[in-house]
Structure formats: structure tokens, C-alpha cells
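First up is the structure itself, then whatever we jot down about it.
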């Protein structure tokens, strides 16, 4: 829907998770006869939950635990675990920083150089637990570090930035990462993003990526809207990228690129809506940072929080809700959408009569004018 | 109105009670010449107020009191009165639970088995007072308990769940409740729901139900929006189900199925709007939990609050406003829509010039962009 | 704009003062060359400000003061001044009532019978000051008291209720007030309302009224939205009744019925918007209750606050801003739209290039999606 | 988009900064290869940041500092620096005024006459620092003071009021300022405004102005919405005036009049959106009042705050964030859009793939129904 903002400018109406909801249909189903499984490349997962490569969410230990619970944990390969031999004391320091000192001190903490040997060691630790191994780099460090990562052995390679485009313009003496060539030559399936629009996602799909992350810093810890004026509400972003998936499948004679919602997923209700809008899986930050085992210890932050000259996020307190197993599989002892994510997703699908995730992407959606019973 | 959320997803614009209001017309009327009566099957009621089968609202005593005041009280047959000989002490314990312990302890309290003899005894108590007798079961316990209920004697049989569909898919060894067969064989009129859409309501009407409950956990004590991502704003839900009533009347050669709004009715203004949207009667939770006689003693909760693994509601404090008689028939000593429900409904009808509930369903409605004088 | 709420119900999109604003044009003007004068029947006023017949706003003294400042004060002839010889002590008691006792005690205070001799005396007091004399009755007491009022001598006769319709249905033994006959036989110009829709206003115009009050309990002290579900946002209501004025002028060969916005006018900005929507004058409650001389002494209430069985308003604290003269004509020492109403209106007209009120009704209006700079 | 408010009134849907956001595209860019330069007349600036002529923002010292940092500081020539020899003590007094005394005392402070010699001295001080010299007068004092200003020497002459129109109607004995004649005869480029609509801006462009200020008292310190009912949301206002720029360029055979957003710019995100809507540069109040060097010392006010009889703004506390250099060029130690304005603008342009400001005016815009992730 095109809107005239003024004589010289038009805009498009877009929607976030809070604007939409799903509605029951004429059929219902027992939660027990519902499947939440999905697969990407050779890897099968019982649940579509991917832990985001953020230091407050994924340690090697939580990556293992999430893998054992049927999901996927992605380790941030530019974070504390690859900069520090013993990151526990650093994590503790971050938790205890006063609010007005957090940005500056975290900037210092993250200026410690990345140790390639730690990349190798951390990934090995996950592999030993016999769960799928996934690590993430930012686009501008991928060329520098990818060989270390590949040699260490990953099952899924994640390239994650605020916006990753297939056409990056730079005046550095070394040319920017050629994603298409990079992915083609790599033996490992690549998940890449964020992309927030149909066009940018379609271009990423054409690079050969196995999955595309949808989002643009929409999480609880991000302030890109105030700092950059950029905002990509998730319901529209996911539905647009799902449209790119469909069109790319047509132009590629059937290659299915997975759409992974990444950002702004604050509750089980948001997870449900993400899939209803077309996501195949969800990358979770805030909701998993609330696990007892989460390395953030009740605090949560992304890389934006310690950017060199333009931080675009904060270290935020998200609290601790339950052990990871309970948070994912229940039973929930709270009723706010923060626990039993798996049970909530299954029940939503059951209540609306769908039996698997792909079907559930067709569930009916409504928009409401504002918060009302 | 269809809205494009993004390339691969469309949604429908829907409305809740807060989004709409009724407007006066050119004619006015004295409140004294207005009738709020309705009938379902052989039963006539002076007011369209039905007390919801929730333990914080309906005890045998309040069911009797509401019946004597011209309404209908529906007893929850899976609640404290059929699990405990003396539920008063249990009610007191629930009232005094600290917030962080409520979910877990209520789950234990409600794990006490249902005693069929108590079903018989409680319904007999209501019958002795010579008011209409109504009891409610959830869909998945209906087959197990309905004979006890029918033998105990009910005038109206209520089957109430979050979503009740005419086509439930299950992999249990015993097949799911066949609503159509069940209702056909039962001698008692059945009210069934919730249904939140045209299609699901139409299917329920075709089972032979005398009334359909409209709603999906929209009440003050529900958190399905955060947990399941499901939301069925009531103004649209009622107007859709009223459309199903009209179409079903056509296809059935004139059978009129009653539409009963159930959920999200927090004030007399909401009751007025529910009928304006097409409801024949309203099932009330929160507003009646504020009666001095209410068993919740100022607290209110639904079955979602003590669900085994995925609670989707809370025990909430609603306070106490007035004795039941004053709350229903006035005089009101407060001006917030919490008292003299009957007087408020009559005055709304009078002010807009309508003389009975069926006519009043045609009153003009407005939508306002946001809260403003 | 017709909106589908659901299958069986449509609604109209409406707007309140908060939803709209006026915008400058290409021409500007000095505030000094702007006129805010208007006339109704034989009476000329320098400003379009009419003080509402509410006990917290208009005493005989403030009616005189407002008249001397170029406006009109309408005395409530069913209020404290016509029930009590010395209402000052009663006013003081109301001011000091604790919140939870206010409704009940005010109901008692206002159950004191009206003394016709006090009607005569109060109106005489205003007349002696040689300002226009105006008094208000509610529709259902008009027949009983109008002769007293007419004999006492009023220049403008106001009949004011929540909704006044030209077709009232009643089953009282005595028939309802026949407005058309009443107005025809009366020698005094009549202002009547509230009317909130095109049709109801058109019918009132056809009774021969000189002015129509637009509104339905939209003021700060009203809670009709919560209690009755009724809401008539003012921007739309005024624009609709202005449409009735235009159509009635056509069908009556040129009779111009004045449109007076009544309700929800909380600031000078709202007054400006009311006239921009088509009002010829504004009836003010809250804003004048903030005058130092206001009998409410910083408190404000309408008749809804002490209704017998269904109060639909509260006694609210509005505070005291400035002496009446400063409040109307400035200088303002606050910048929140509560003072220098006359100056603000003049400046708005000047800034948008209009020279009189009638022209200013054509000023451009905008709607904004939500509060934003 | 025309909206029917009611039968006799239509309105236009408009948008503010909070309603819109920009979205990434398929291309990205390094922030280093982005230019934020612009030029007006013979003057080149590295950044589009213009400090507003407000006493809490621009002193001769901060005008110099901003000029040295690549922006432009405009001195208020009717403010404290031209009324007082030593305004520092007056600034200190204003900072320390209690809230309820501020309006009255500031009115007294600003009643001190303007000293033309101080105009000359203050402008000379800026000129000595070899940065562009700009001073502002209000329209109604321009005739009286402009010769002093021109003789003192300014590079850019700013005429700034709430609304400046090319057709002002006055009944003063002396005729109003003839803008066209004035600008034609003046040797110095003139920036004039505020204009909030297409038509008023087009008329100002036809006077020969080099730049037009877009806005109408939309800043943090303004209350024109409550007092005057006037509101010109900035996204629409800028896009409309950008439309006037395009149409005027056509009718004038290519004269490009600069569009400068003035008001309601509270963060770097708002600056980004202003340019996205079509602005060539932005005039900043609140965001620069937060500099350590700002003369307001953490407080901010405009001329509306001390108006003679109708103040339409307040002295507001905005706090202190960082030294001016850090606030403009970073590094930012906060993530709320209040620091590193230049870096944020560059990064927004880079993230969406644009290389200069003029191109960036074409970036895609979205509207979101309400605040949501």
C-alpha cells in the first residue's frame, strides 16, 4: 500500500509483530499430533529455534545444550569466547558495570584481539558434544577469519551483520567480500543476513546462501531507530523475504532458501507470528538470554552496544526466567510468553489446525488498530 | 478489508471493543419503555447477563442469586466445587498466594480429582432454588462426565474451551467428541464455544447447538496474545458470528442460534457494544468477579491460569465494587461502568431510541482513530 | 468512510479534536485585524465563548463577569443556585468531599427541591448587571419550570441534556415535551441540544431552535464511554451538524441555525479546532472551571455526577489557573492552552490568514496518525 | 489522501517523523565513501547542520565552534547577546528560575531593548574567526534592524518566525515587510521561514529566497498544538516543500531553493528522516542545546516562551550530553541518537547505499501503524 507522505515523497505501510495476530480456524488439533521440525541442507532439527550469535546468549556450553534440546546454537566467533581464554570474569564485569560506564568499558573489553586458536578450540568443544556446529562472523571480518573457521570445522557458517548486501561499495584498497564467489567455493552451507527487503533478500539468495536472516537490529537491545532512523518492522520484512523465497524458487528451478527471522522476537507469541508470516525458523536473542544458563546472567547485548564511534544498542537487563530446558520445552510457571516456547508454538499450530511449520505459514492473520480486548 | 502485510502475506483488519462506540440517533426513549429480555430454547431471561463458569465468579450460591436477578449463572463442573467438599478454604488460600507462587500452587490445587457426586450435589442445590440450572464442561472431559451432568439435571448444557471446533483432529486411541452426534442425542439444549470466526461458528451451528460462545481468551486474566500470538478482537468476532447466525438461519430454514459474547467484557460500555455488534447475550467474568458475593473475593482467574505445562493467564486482582444486586440493577455509586449493568444497558438503548435487544443490534457504530474527547 | 467491523456490522470512521489540527496557509494577518464576534438572534457577542450551565462554572456573579467580558454565561436553573438560598457552603462541602463519598453525598445535595422563587431571583440579579441573561433547563423539567423562567425574563433559553431528540418516546401518562410546539409558542430564542449526528441536529433545527448544542457528554468530567458505550468524537460531530446547518438553510430558504460545540473543549487549541470544524460558538466547562472566580473552586462536575441510579461522570479536580479576565483575554502566564483563550483564537485566525469566524470555518485541517513532532 | 471528518469538513492525512522510517536497500556502502556536504549560494559546508537562532543554542562562541566543525551557527539578533553586554549572568538566572516563575521573569528579561551596537559587535566577533556569519531577525523587526545587520556584515541573512508568508495583512500605519522587494534589493542571500505547506513555501521561493525554513513550532519547547490548535507534522511538511522546490525550479528555469527542516528534530534518526523526506539541510535546536558549550546550560527555550500575552512554549530541561565536537562528530558514548550526529547520518546513507545528500533524498520510506519491533 503506497502512501503519499507529501508532494515529493511516498512511503509504504508496513507492520510489526505487535500489529498482527493469528486467528483460529474451523479445525483444531491435539498439540501431540503437530510437528515443529525443519531441515536445512543435511541437518534436521526438532525445533526451529536458533540461538543468536550474541555473547549474552551463546557460550560453547549453551550451544551444546540447545543442540541437545533439538535446536541450534550459533557461536559468535568475534566475541568474548574467541578473544579471552577465560571469558567468565569478563562476563561478570559486564554484568556489574554501572549504566553510564557500560558503553565505554565494553568498547575496551571488545578491543582485545581475536585469537584464531580460540576459534578452533571453541568450535571443537561443541563438535565433541555431537551436536551441529555453527559459528558466525561479521561480513567485514569474514575474509580474514573464514579459513580458520572452516579448518576448525563448522556444519553451518553464518555471516551476520545489520545489513548484508550482495553489492557492497567500498574504497578500501582490498575489494569487499564477493559473497557469490565466497559461498560457491565454500563447502559448508552458509546462512547470511540481515536482509529486510524483498530485493536485498533476493540478491542474497542468488549468491547461493542456504538461508537468509531477516531483520535489521529490531531486538530489545537495539536503538537503530533513534540513531539511524532505520526501522524494518518484522511482520512485513518476513513476508517480503518469504515472497523472495517463492520467486527465487521459481527462477532457480526449485532451490528452497530458508527464511530465518532474526530480531524483535520477545515472546513465544512473536515466534508464532514470525512463522505465520513465512519464516522457516527463528533466531532468538532476548528470549534465550533469559535462560538460567545464559552467559549474560540476566543481561543482554549485541555488537551494536560497543561500536567504536556510533553505538546503536544498549546492554539491557532481561532477567532470568527458567533453566534452558524449561524455557524451551516447559512446563512454564509463568504466563507471559517467556517459557515453554516449544509448547506454545505446538499449541498455536494445534489450535489453528495445522500439522507442520510449512503449512502453518498459511495461517490467517489479522491487523488490529490498537491494543484492545 | 484485506491488507498486504508483505509480498507473501495478507491480513484482515479487525476491531475490538475499545476501537468502536455506539452513537445516538434522531430518536430517544425513556429507559422504562425498554426491554432487555431474551430467551433461549424454553428459557426466558429478563437480562442477557450470563455469569461465566469460572471459580472466581460462580458458586452454587451466586448462580442462584444471578438467576433470581433475571440472569443465568453457569457453574464450572471441573472447578473447585466439584473437586472439594469445602472449597471455601481453598478459595481463601488462592486469594492469599504470593504472585510468584500462584501458578504452581494453583496447578496442584486443581490436580485434585473431580468427584462426580459433587457435580450431582452442586447442581441439585441450584435446582432447589428454582432458577434455571446450567453447568459447563470443557470439550475434552465432556464424554467422561456428561452422563453424570445430565442425570443430575441441567436446563442448559455448556461446553466451553478456548477454541471449540466441529472438526477436531486427534491421535488418541479413543476418537474425539463428535459434537453433532452428541448434541443430537442429548435432550438438553447445548451452548458451545468459543468460536472466533465466521467459519468455525457456522460449523458449530450446524452441530445443532442452541447457542455459540464468541471469543478466544480475551479476558482480563488471559495472556494468549503474548503466549500463543492468537488474538480475536471481540467487535469483529461478534459481528462475524452474527453473520454466521444469519446465513445459518437461511440454510436451516429459520433456526436461530443464539450468539453469546464471551470474553473481554470489562464494563457496562463493553456489554452495550457486544450487543450492538450482534450478540444476543453476554457471558461475564471480570465484571461479576467484582461482586461482594463473588467466590474469588476480589480475585479473578480462568482455567488458563493453572494449565499443566503452558499457563496462558494469571490470577488477577479485580477488587470488589458492590453487592451483586447493586452491580446488576443499581443504583451505582461509581461512574466507571462497573455497576448497574442493567441500568446502563437500558439507558444506552433508550438514548439511541431502541426498545428491545434484537432491534438494538442495528444501532449505528463508529470507529475512532484513537482515544480522544 | 464506511468500515466493515465484521460480516454483520459496518461502522463509520470518526474523529476527535486530538486527531486533527489546523495548518497555516499562504497568507498571514495581524491578530489586531481579526474579529471573533458573532450574533445569535438580536444578541451580539465579542467572543464566541459561552459558559456551560454547570454549577462549578456559572454562578450569577460569573455569568455577569463573562457577559461583561464579551461572552455569555448560562445559569443552570436546576442547580445549587435554585435549590439553596446560600449555595456557597454547599459548594464548599462538595469541594471537600472524599473521593469515595462524593457520588452518594452529591446525590443527596441535589435532591433538595428546586425553588421557583430562586430562579426568579437569580435571573433578576444577572439582568440588573445589563448583560444578556440565559438560563438552562433539562428537557424533562422544561414543561414544569419554563413559565417561571420566561416570567423571570431570559434573553436566551437553553434546553440541554445528554441527547435531546425531536422525537422522544415515553410511556408516562403525560406526553413528552413537543419541542416544535414549545419553541413556536415561546417568545424567546431557544438553544437546544446535545445532538451528535446530522439527523438528530437537522430534526432539532426543524423545531425552530436558534442554536443547536453539539456533543454528547464528551467533557473531562464525563464517563459515558465506559458506562454507556456511547462516544461522539467532537470533530466529526461538529462537522456533521455544520452539514445539517447548511442543508437546513437550503430547505428553510435561508434560516441560519447556530452550531455551538459543547463538550470536550479542554484548551484554546480545542476551541480553535471546534470553530475550524464548523462551530459558530463554543460552550465551555472545564476551561472556565479553572478561573479563580469559578464557583467550583478548582473542582468541576456535571449533572451526570449525581444521577440517581447511573452516575456517568465524576467530580474532577481541574485546578485554578488565573482570574477570569486573564483566562479569557490574557496575558497568559502559562503556555498550555489554558489561558488567554481570546488571544489564542485571534492568533490562530491571524496565523492562517482569516479575518472572521465564519471565514475561519474554511481553514485547512489535517489528520495525523498519532502524536508526533 | 483526503479524509471526510464529517459532512461539512474534509482533512488531509499527514505524517510526522515518528510515523516514518527509512529502510535498507539492496546495496550498501562504507561510511567513508559518503559525502554529507552541501552548498548554499557561495558557501560550502561539510555537514548540513545549522544551529537554530535560539539563545539556548547559539552564542557567538558556539557559532564559531559549529562553523569550525563544518556547520553553520545562526545568531539570534533579537536575543540576549544583542540586549545585554554580559548575557552570561542572565543565562544563569534563567537556568535557575523556578518553573512557575519562568514565563513572567523571562518576559521581563527579554523586554530589555535591543542594542544595535551589540549586533555589530557580536557579528564582528564571529567574522574574526573566519567562519560563515549568519544572523536571524523576526519578520516584524526586519525593517527596523536590517541595515544594522547588513552593515555589520553577514554572509547569510535569516528571517525566521513561526509562520512567514509572502502576503501578510496588517492595519499598521506602516505597511508590512515586502519580502520580494526586500530580498531583491539586499545583496546577501536570505533564508526565510517557517513555511509548513506547499503553497506558502512556493510563495516564499518566488520572493527570491536562497533557502526556505520548513516547520511550525514543532520543537520540544513548543506548545502551539495545545494553544493554537496548529500542527504541521514534519515529514509531510518537508515533502510538500520539497515538491514546491521542484515545481519552482521548473517555473524559474532552474533556480534551486534550499529546503531546510526546522523543528522537531530531536535525534540523529530525525535528522536522517528529514533529509529522506527532501530536506537539503537541518536547523537544530534541542539536539545542540545538549552540548556542553551550549549557552542554555542544559536548558532550552524559544522566543515563544516569553511572548507578551500568549506564550506558546516552555523553558525545558534537555540535559547535557557531550562536548559539541563529540556531539557532532563522535565518538558517541550513548546510543540514543543524541551524539555523533554526523557519523549517524553517514552510516544511514552508507547502510542504504547512497553517496551524497541529494541522492539520499530518494531513499525508501515506510510508515508503521504504531511503535513495534
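We just call them A, B, C and D in the order they show up, numbering each chain from 1.
Assume contacts are C-beta pairs under 8 Å (C-beta built on N, C-alpha and C of every residue); 3 or more make two chains touch, one makes a residue touch a chain.
Note that the coordinates shown come from a computational prediction; the quantities given were computed from them, not determined experimentally.
Shared residue numbers account for under half of those found at the interface formed by chain C and chain D, and the copies are therefore classed as meeting with different residues. Centroid analysis (C-alpha atoms only) places A farthest from chain C. Centre-to-centre separation of chain A and chain C, using mean CA positions: 57 Å. Chain A and chain B have Cα centroids separated by 40 Å.
Counting partner chains per residue, chain C shows two or more touched chains at residues 13-15, 236, 270, 367, 369-370.
Contact between chains, per the stated criterion, is found for A-B, A-D, B-C, C-D. Chain D meets chain C in the complex at residues 3-19, 103-104, 162-172, 195-197, 199-200, 202-203, 216, 218-220, 223, 225-234, 236, 263-264, 266, 270, 304-305, 308-314, 367, 369-370. Touching chain D in their complex are the following residues of chain C: 1, 13-15, 20-30, 32-33, 198, 235-246, 267-273, 276-278, 330-337, 340, 343-344, 347-348, 351-353, 355, 364-373.
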